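The two complexes that follow have subunit A in common; it is paired with subunit B in the first and with subunit C in the second.
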Partner chain A sequence: MKHSLIEAVRRVGHRTIDTIWRAGAIAHFFFLVITQSAMSFRRIRLIIREIYFSGVMSLVIIMVSGLFVGMVLGLQGYETLQKYGAEEQMGVLAALSLVRELGPVVSALLFASRAGSAITAEIGLMKATEQLKAMDMMAVDPIARVVAPRFWAGVISMPILAALFSTAGIFGGYIVTVMLVGIDSGVFWGNMQAAVDIRYDVLNGVIKSAVFGVAIAAIATFEGYDAEPTAEGVSAATTRTVVTSALTILALDLVLTAIMLRQVA
Partner chain B sequence: MERKVYDFWVGFFLLAGFLSMAFMVLQVGSFNDSRGTKSYTILARFDNIGGLKMKAPVKSAGVLVGRVADIKFDNAKFQAVVTLAMDSHFEFPKDSNASILTSGLLGEVYVGVDPGGDDKKLAAGDTIKLTQSAVVLEKLIGQFLFSKAAEGTDKK
Partner chain C sequence: MLVEIDNVDFAYGPRPILKGISMAVPRGKVVAIMGGSGCGKTTLLRLIGGQLLASKGTVKVNGQDVATLDREAMYAMRRKMSMLFQFGALFTDMSVFDNVAFQMREHTELPEDMIHDLVLMKLNAVGLRGAAKLFPAELSGGMARRVALARAVALDPMLIMYDEPFAGLDPISLAVVGQTIRKLNNALGATSIVVTHDVVESLQIVDYLYFVADGRVIGQGTPDEIRASTEPFIKQFVHSELDGPVAFHYPAAGYAEDLALAPKSA
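The block that comes next holds the complex of A and B.
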């Protein structure tokens, strides 16, 4: 009895120490990545290559998803708005929901599962096959050579992908409302322009997507670097990247939206 | 060879990104917030503001000339005190009239300013003396029904 009680307390202590250690490890890792970034910016080729793999390769899924989301918004929005005779507001509905919320959030979720998981798996496998150790032996810092370019590629790609997602979505909405439903295209764009403010809607959406980009890139590179160097460890790390990224994105979105809406009101 | 392929696609990617941002700035949005422009505040007292909200437009002759900056309740006079942030490009005579209007039957509520004939202009901190409260639809319908009912009994 007494023994199991001590064991329970010990487990709580172990968990706590482990969590704090992990938080410290993440902070230390993030600090290292930032300080080692100067070198990877001097070798811009490395970043370009990584932008190709995480950004350009995500283009198709982002654009197609954006188009579909915009079209669904158009259909669903029309269904409800026509009850109030407000079909002309379709453009506003599609643009505001895409630019403010869906663009940054959905493209961040897609980016985390498409590119974040790939980054984690790549770095994790490099660790498992001792490539990172080999680099260290050759006096090449693996954080500067492997991690930092991937981190910055993610940070650069994310706002661009979110903007492309929103643009594709607005075109999807345009296809449904103007071409299928038959709302006048001048009314569609005119109402949209009257309602969407560049600073409070467009700029805030871009800020959101940039924050998500930093979060995803940091999580994906850390999980890969921290992965247990086994096949199982890499697979667990990849899963953790997607789950942690998704939760972080949604939590950050709530915080950012609360701050941004208070600024308006 | 491989390097050229990366360069092309990354360049294409960045260009597409900038184009879509330009699209959002030029085609989707506009600077329709008056925060950037200079403004002066004037006050207006209303007996009833209906559904007026913060940041509601202030219009004169149908054109946006300012926004509602603040709404307070005066507990001494039991009136609503509305602060209007007027665009400093526009000046109005001192005896202008402010009324609370609705665009369409169910549209947004805004403050309409009808200019008076005074030579002096409204300056920052001034109060608009002539105001007209919001029309409350329920009261109007109630009055209409009441007068109809009264008519009916007269005829009998």
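The block that comes next holds the complex of A and C.
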């Protein structure tokens, strides 16, 4: 009994120390990425190349998902709003839901799964095959050359992808509401224009997606760089990227939404 | 001397790897460091390259104590050296050409047409000019090692370190890589350190050999001295004897005891 109690306390202690150590390691890593970023911006083609792999290659999943989410939103929204005779507000419902919440959050979750996992796997495999060590031995800092361009590509891509997700979603809502249900097109767009505020709705959505972009890019690059240099290690790191990113996105969304609604109030 | 290792200790956590080891590598020579797996050979290369720091003793390269160098000075030193990793460590997202051109683009302001010519010259030296457009995934193990060799000498380093350059190669590739190491060293006027298990190939291409066991240098000499050595470890290693100072069996409890044929000792 006494032995198992001591063992339990020891395990908790180990986990606490490990968590604190890991938090410190992430902070140190993040600091290094920021301080080593100058080279990435001097050689902007490194970032552009990574934007292609992270951002452009995620376009299909983002646009298609956005379209489907918008169409489902249109069906569900119409079904509910018509009970109150407010089906003409469908455009407002679709735009506000997408721009404020669904756009930034769902596109961030998709981006973490599609691009975040790929970034972690790529950096992790480069570590496992000693490519990062080789680079370091060539007097080329792997954080500046490999990590920073991928980090900034994620940060830049995320708000653009979220905007495209919302655009595709609104178009999906338009297809269902206007083309299938028959709500007047002018009413759909007019009500939307009148209700959506650039400052409080669109800009706040962009801020959210930018914050999510920083979080996903930091988590994905750190997990790759910190991965055990084995097949199992890279696999575990990739899983951690997706899980940690998803939880971080949802937690950050709650905090940001609370802050933004308080500002509006 | 280009590299001087003096009374160096190193441990991975509680596990000691090097125990007061000393060795010296003269300029212009090809020196081999040999020993069994896990004896600390690769650790020695990492200490010379500054990727690890000794817990005791000094490692000097070109007269500079590696442990005292800051990041910039370390990178300045590394620009004059290069390392060939065990499995090449080629950048898999770049072609063979771009792998060899990598350091030229990172560290020099050379125009692209000059880089083009230099890369083809380096690839020609290892016999792979025709493979310039291939990607690492399309190369055999021997070809990848030779590309890594071309990349290692891209900026004509003063010191080239090879970590197990012969591991996993067929006899032809092995001979090609061995001869290329020797020829490149002579052509560039460089100094080479080769960490390897391969006694036969090493004795043909190196000027001097160190034998490392249990974290210490237990024998050294020219290839002729090593061939004639009667020191038990060197004799076992050079003649590939199954048993000797390096036991065939990993330490274990009694065989009969493990098979439950004898009572367990207390």
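Heads up, the rule we're going with is that the second predicted complex is superposed on the first by the 257 of 265 C-alpha atoms of A that agree within 3 Å, B and C clash if a C-alpha of one lies under 4 Å from a C-alpha of the other, contacts with A are read in each partner's own complex, and residues count from 1 in each chain.
To be clear about the criterion, contacts are C-beta pairs under 8 Å (C-beta built on N, C-alpha and C of every residue); 3 or more make two chains touch, one makes a residue touch a chain.
As the structure is a computational prediction, the values presented were derived from the model and not from experiment.
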Ask   = Is A:I160 in contact with subunit B, with subunit C, with both, or with neither (first, second, both, neither)?
value = first
Inquiry  = After the superposition on A, what does A:M138 contact: first (subunit B), second (subunit C), both or neither?
reply    = second
Query = With the two structures laid over each other on chain A, which partner does A:T129 touch: subunit B (first), subunit C (second), both, or neither?
reply = second
Inquiry  = If we overlay the two complexes on their shared chain A, which of subunit B and subunit C does A:V99 touch? Say first, second, both or neither.
reply    = first
Message = If we count contacts the way the header does, which residues on subunit B are in touch with subunit A in the complex?
response = 3, 6-7, 9-10, 12-14, 16-17, 20-21, 23-25, 27-33, 54-55
In the complex, subunit A residues that touch subunit B = 45, 48-49, 51-52, 55-56, 59, 95, 99, 157, 159-161, 163-164, 166-167, 170, 189, 192-194, 196-202, 206, 264-265
Ask   = Can you list the subunit C residues touching subunit A in their complex?
value = 49, 51, 75-76, 78-79, 81-83, 85-87, 89-92, 102-103, 106-107
Query = Which subunit A residues qualify as touching subunit C in the complex?
reply = 125-126, 129-131, 133-141, 145
